[in-house]
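These are the structures in question, set out in turn.
Across the two complexes that follow, chain A remains constant while its partner is chain B and subsequently chain C.
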Partner chain A sequence: MMYDADAGGAPVIRVRDLGKVIGAKAILSNISVDVEPGSIVGLLGKNGAGKTSLLDVLLGFSPPSSGSCRVFGEDSFHLPAAAKRRIGFVPQQDELLDSLTGAQQLALNAALHTAWDEPLIARLVREWEVPLDRRIQVLSGGERQKIATLLAIGHQPDLLVLDEPASSLDPVARRQFLRELLDIAESPTRTVLFSTHIVSDLERVAGQVWIVRDGRLVWAGELDTLKESVARVTLVAHADLPSHLGLEGLVSQRTDGRCVQLVLTGWHDERQRELADRWGAEVTVERLSLEEIFLELHS
Partner chain B sequence: MKGVLKTGLQFYIRTRAQRWLLVVAVLSFAAELLATRRVCCSRSFAVGLLAGLAGGTATMTAVYSAWNFRLISALRTVSLIPHSRLQLAGGMLFAQLIAAAAGAVVVMLVGPDAPLPSLAWGSPRGSFEMLFGCALSCAVLLQVITGPSRIVSVVSLTLVGAVGLRADLFMKPEILGMPKAHVLALAGIILWVTFTAWYVRAWRLAGPYAAWSRARERVAGQIRVSREAAIESFLVGQPSLRRVCRQQVLTWMIYHLAMIAMMVGMKLLIVRHNFPVNYSAGTMILLYGPVVGVNVVAGCLARGSRRLWLRSGEARSALYTIAARLAWQSLALIGVPLFGLAALEIRFLPHADFDMLFPLAICVSLTPSALYLGLLNFRRRLNLSFLALYLLAAGSLLAGLLVESAQGRHLLWMAPPALLAIGCGLRTLARRRWYGIDWLEFRAERETLPFAVRRG
Partner chain C sequence: MDRDVPPPPRIFTLEPASGVPIYRQLIEQVRRLVASGHLAPGAELPSVREVAAEYTVNPTTISKAYGLLELEGLVQRHRGKPMTIAPLRRSQHSLAQRLRQIEPQVESLVLAARQLDVRAVDLTHLIERKMQEQDT
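Moving on to the complex of A and B:
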């Protein structure tokens, strides 16, 4: 079920047995995953699941307590300047300077980078209607988020990491933003990793999905594969069914006498016949949306 | 009423730190009482230290409670329910009543055995009224003039605690004399009533700077654009370090002038007019300024470092070097004018009956410790600033004790080198911490702005 971390060429991000403990609490455990160049990865999880912590460790803000994490082949905690130049990051809580205007903020950021795509920024400012002449402190949450995003993409990073980038945007701005995200990711070498609560955004953009629960990666792989491999199965038998069916990949089970509703991972069509033969039951299979899968995985 | 009483108590026991501070204050006070009776000499060095510890912790508990009120007072839920606002304001009044009552009891227990002068301080009622008036005024002013998002932050108001520790300077009748106690109490109550009337009725809470900020919004200043300027701005969190330091100098000069105005006002109000002129309280503010100011600026640099980890490409060690250089620059920019002015005042203006050059030496040697404590402060929390205040308080206390105690005079020479040695120790600690800093532990805290101003 897990994404095959050892397949393919040189990954942009390579994580092995990553763990992070703060105080006595393990906030990340046993995470192994790779991100290939050109992929768009959506990171999904409840509040406090460990999404932001995972991104912080990936980007070197925090050292792992165990395991390893490499970005562009470099240890993330000691990223050299050359690797950092290839990364753009939009944090969950923006780090803008309140007393500057948006234009000043962009100018200062441009001064830190050797390659700054002024035409791209000018176009996005126009399309997103970003007020650059006003102080940051008086801007709305959405306007601030747009500027934070511009700061992250102006130097055309190879790896763009966004921590809940669209949470403060209105529906129109969110749609524009997602379209832009797709444009940015069009380049075969550019990789995008973003965390979100909004499942529909993820479905619209991401090719791969990571689902984090209680600091563990419960799914990392292709979005389509996830959708195909998770199914809600209803068994209606002639006699009462046991409370524990002992099935592989069982996510949840609701038993009501002769009727059992199961959510299973690793689903394939042969399993339908196996279940019918084993329990002498009528089996119906229902495919789930990503939102339903997410809810089932967290039930 | 029950809610008001509960709220008032909560201001002192809400956090674990506050509860510990209270325990330390009570234990130190009890120890001081015992020591005073055994030694039979109120000016003993050990007794003085215990008194300082008790006073220091009690003052910090009070400042902490005022800080708590600031945080709670701006919560959205509170701002939507006028009744809870009234409860909070009532709780604040009750909290100051508790503080004043406790202070009055302390004054009665450890006060002078000699007959009281014809001034209010020292008598039970007078002490209570005076403490109540001062505490209430400070608590209200704290709500009105500070804002955590600004560099002129509540940390500057550690001054309240620091001045509180040197209250004896103000209380000596031969130095300043005192206004009538009930005048102070009345002033505090009028301030509280005015504040509460506004706080309970305000439809939308906005800070006193709101109108000024709106006016300034249109005229954004020019900034330098270069790699160095960008690194400096992102670290400081403001357009430039010079601007931040200018704000600090300006703030402390305002405090200084306010103190002088207050002294003049007190002189007009006092019962006796025939005491010598003394400017030491005003000069003390100038001495505290660089210590607290550089701590605040260095704290901003530490918190800003996360912004630059990816943007600048610099390693943690390089970021530390830049931050430390900027912190020392800020020390020069704040310290030279304030310490310079203090030195001039010490040279040319009349002062108390002790040598003010010694507090100057103490405060100058305290600045490196305050600087490196600031660089260790990656969180916008009070803990480390409280430590800075402790250092400052310890320095003041030591200065007073060493000068006034006969046995302490022999130890005078040790104080500045000892403080510099502490600074060196903190420098080593700061370097080690920066080299392995885990920013995940110090994520930007979501602030609840007191008098939050949100303009779309």
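Moving on to the complex of A and C:
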């Protein structure tokens, strides 16, 4: 209740010039980003790019080495208990108690939270076909992941953070799970942040995308804008084209005599005409899927 | 107004994995469905929530599409009711505005014409003939 003041549009997460150094190695560098309430943010990066390290700092599991990170307006490494209760987290490695049954584990967590949404959990247990009567140690990876997710959303968190949440789920379960994320973020005050390497999931439900590469945020913004600002452009000229076209936002280039294929950021449709006029070339423009964009940014 | 007949399911084909953002796909499809008469003036559109749930996609990209279609004058928003396809609107927009809307298609047409060495006068004749065909 005491945090109602920031429910009306202040960022849920505010990161400024964040850096994280472990030993002599910079794990995260120069990260500045905001998360607005009601959004679904998808965090994308190769293994070891720093996704989990970033989530750890956001959640206050480890302090930043430099810069600042605020969650609900509070320093994330010194979050008051009331702010922590507004967060739900599904870690990559679940922290379920192997000796309990699913039902016992859920009851344990329900007892810890006054805001536990029993009807929601009952519905999801049914829809997701979550086994409750068997001990957790005999469950499959996907079944464990479902229970871990229920534990993270049962107390109706305002900020739900999931680290590789759907990795063990089959396509049907993944789709059901994505629907639930959409349901949660439908509330203008509730926010979802999830890391994944399943690009197709992210492309469906995320409104915002963060791409992490070598500990840096190389993109943080709307998925729609990302797709619009990256294009694969092919120039076919009447004469050989120079190997350096001096273009802004060049991601990659393949030159083969009169034919050049470029991937450009900062694309807008007027550039097609500009390129055609400048190089006397036929210019074709191709839009890239998020997966292709991701691969290009890592080429 | 009661909605006796719910909007037909899956009137759109949304490809989240396409390089074209979902909102742009939706705008194009509504334009086409209207142009082809499949969505007549007064036809109700499924809500943002319905489309997002049906296709499991982020609702902000759907509401962006609806917002832009409304700005374009193609759909109308009603308080507490489904959005509808707007009445035919010849005079709602100035000629300049309508020409601006068609400019991207003209640009790619001109590009194709250049590539094929088609002269402006021949292209214009073709356009005139096509428009006459559609009018009759």
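FYI, the second predicted complex is superposed on the first by the 290 of 299 C-alpha atoms of A that agree within 3 Å, B and C clash if a C-alpha of one lies under 4 Å from a C-alpha of the other, contacts with A are read in each partner's own complex, and residues count from 1 in each chain.
As a working rule, a contact is a pair of C-beta atoms (placed from the backbone, for glycine too) under 8 Å apart; a residue touches a chain by one contact, two chains touch by 3 or more.
Just so it is clear, the structure is predicted and the values come from calculations on it, not from any experiment.
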Query: More residues of chain A in touch with chain C or with chain B?
result: B
Message: Which partner chains sit in contact with A:134 here, chain B, chain C, both or neither? Use first/second/both/neither.
response: first
Query: Should A:122 be classified as contacting the first partner (chain B), the second (chain C), both, or neither?
result: neither
Message: According to the stated criteria, A:10 is in contact with first (chain B), second (chain C), both, or neither; which is it?
response: neither
- prompt: After lining up the shared chain so the two structures overlap, which partner does A:182 touch, if you call chain B first and chain C second: first, second, both or neither?
  reply: second
- request: Note which residues of chain C are touching chain A in the complex, please.
  value: 16-24, 49, 52-53, 56-61, 64, 104, 107, 111, 115
- request: Note which residues of chain A are touching chain C in the complex, please.
  value: 39-40, 175, 178-179, 182, 186, 199-200, 203-207, 223-224, 227-228, 269, 272-273, 276, 282-283, 286-292
- prompt: Taking the complex as given, what residues does chain B use to touch chain A?
  reply: 149, 213, 216-217, 220, 223, 225-227, 229-231, 233-234, 237-239, 306-307, 309-315, 436, 438-441, 443-444, 446, 455-456
- request: Over in the complex, which chain A residues touch chain B? Could you list them?
  value: 20, 22, 52-53, 56-57, 59-63, 78, 80-82, 84-85, 87, 89, 91, 93, 95, 97-101, 104, 107-112, 133-135, 137-138, 140
